[in-house]
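Here's the structure we're looking at; comments come further down.
In this document, chain identifiers A, B, C, D, E and F correspond to the written order of the chains, with residue numbering beginning at 1 in each.
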Amino acid sequence: MTDWLPTLKTTTPEEGYNLAVKLARVAVKLTQPDAEVRDRLRPEYAENSGTLIAVSQVVATHFATVAAANDYWQGKT
Amino acid sequence: MTDWLPTLKTTTPEEGYNLAVKLARVAVKLTQPDAEVRDRLRPEYAENSGTLIAVSQVVATHFATVAAANDYWQGKT
Amino acid sequence: MTDWLPTLKTTTPEEGYNLAVKLARVAVKLTQPDAEVRDRLRPEYAENSGTLIAVSQVVATHFATVAAANDYWQGKT
Amino acid sequence: MTDWLPTLKTTTPEEGYNLAVKLARVAVKLTQPDAEVRDRLRPEYAENSGTLIAVSQVVATHFATVAAANDYWQGKT
Amino acid sequence: MTDWLPTLKTTTPEEGYNLAVKLARVAVKLTQPDAEVRDRLRPEYAENSGTLIAVSQVVATHFATVAAANDYWQGKT
Amino acid sequence: MTDWLPTLKTTTPEEGYNLAVKLARVAVKLTQPDAEVRDRLRPEYAENSGTLIAVSQVVATHFATVAAANDYWQGKT
């Protein structure tokens, strides 16, 4: 996982959102490095509304950071 | 899902709130891309007070970002 | 629910707090539009300490946004 | 509950912390206005580590707002 | 618990982190003032991964506030 | 654990992310200082999707702080 995060800058808000999703996933990988275990857990959380919403919460927190880093993708008037 | 987020700018706070709701939902779609599974989960979370409040929490986090991006929809004095 | 959020500006901190409570509730309504279902869920969460605290957390997140929008209701020195 | 929040300004950080505790509690009161029910729930959450930590989380969120409103109680160097 | 929080300023980031831990604990004490009950709950949460992570979340929220109060312990360029 | 946090400054966003992971872990160590107990808990949370996502949430909160401390690793235009 070398150089997976060279910058927080993205061209568009949508790319910024995708980066937030990535940022949310990496912490899971670092805490559970075994890909086999993660694959086993996948159905457990992808078919559970509570964990899906929790994932969305993590993405929201990272998106706030990415958006700020990009000055919300535009100058403020 | 191309170009679903061209900008964080909205004309009114209410539109900004609706954008926050959308931002909360997209992460769920990206984590569980199967629409059939999501439909199956819907009653589970839409009729559970805990998950409804959790959804509201994600919306609140995104609304903070959208509001900041719009300078709270007005100049500060 | 037209025009329920014309502005984030309020005259006092207390009105801002009430707006935060409203912001927390609207996301629940948008996710579960059926008023009858929401009424059925009400005792479930209003008599459960965990969900009451979760509601308070959502309000706290929105209050941060509303307070910032109002420059904390006063000029900083 | 008239005029319970005239200002976010406090003289000291400690008073600001106490205000954050108050802000956390009011949302619970507004969601469950029946004092008798709240009294009944009290042992349930005051003797449960999970809910005690959740209360602390709400306080932390409000404390961030109160601290910002008070410019962290001092000029920054 | 008089004068337990004279300032948010600390000399180093590490002291700021310790202050964040303290800020997280005080809310628990204020909500459950009985030291005996807290002692009884301690093993329950200190040996449960879910509550340990929840404590860490509260610390993270307070650390954000303390770090901002200290201008992140250095001037920004 | 002396001098484990000399600064919030990092050279790259990736190093900043790693620091956020560290910040999330230290609070767990301070709350449960017994390494043996922590080792015992490890499988419990590293093989549970809910706690893995909760860890990711704590990391997200700390990453926001570290990113702000580093001015998002670049000047804003």
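Simple rule for what comes next: a contact is a pair of C-beta atoms (placed from the backbone, for glycine too) under 8 Å apart; a residue touches a chain by one contact, two chains touch by 3 or more.
Quick caveat, the model's predicted, so the values are computed rather than measured.
Path length between subunit B and subunit E in the touching-chain graph (shortest route): 3.
A rotation of 180 degrees, rounded to the nearest 5, superposes the Cα atoms of subunit A on subunit D. Farthest chain from subunit E (centres taken as the mean of C-alpha atoms): B.
Measuring from the averaged C-alpha position of subunit B to that of subunit D gives a distance of 26 Å.
Counting partner chains per residue, subunit F has residues 45, 48, 50, 54-55, 57, 61, 64, 68 touching two or more of them. One full turn of the ring, starting with subunit E and passing subunit F second, gives E, F, A, B, C, D. Those residues of subunit D that touch subunit E in the shared complex are 12-14, 17, 21, 45-50, 52-57, 59-61, 63-64, 67-68, 72-74, 76-77. Within the complex formed with subunit D, the residues of subunit E that make contact are 3-9, 23-28, 30-32, 37, 41-42, 44-45, 48, 50-51, 54-55, 57-58, 61-62, 64-65, 68-69, 71.
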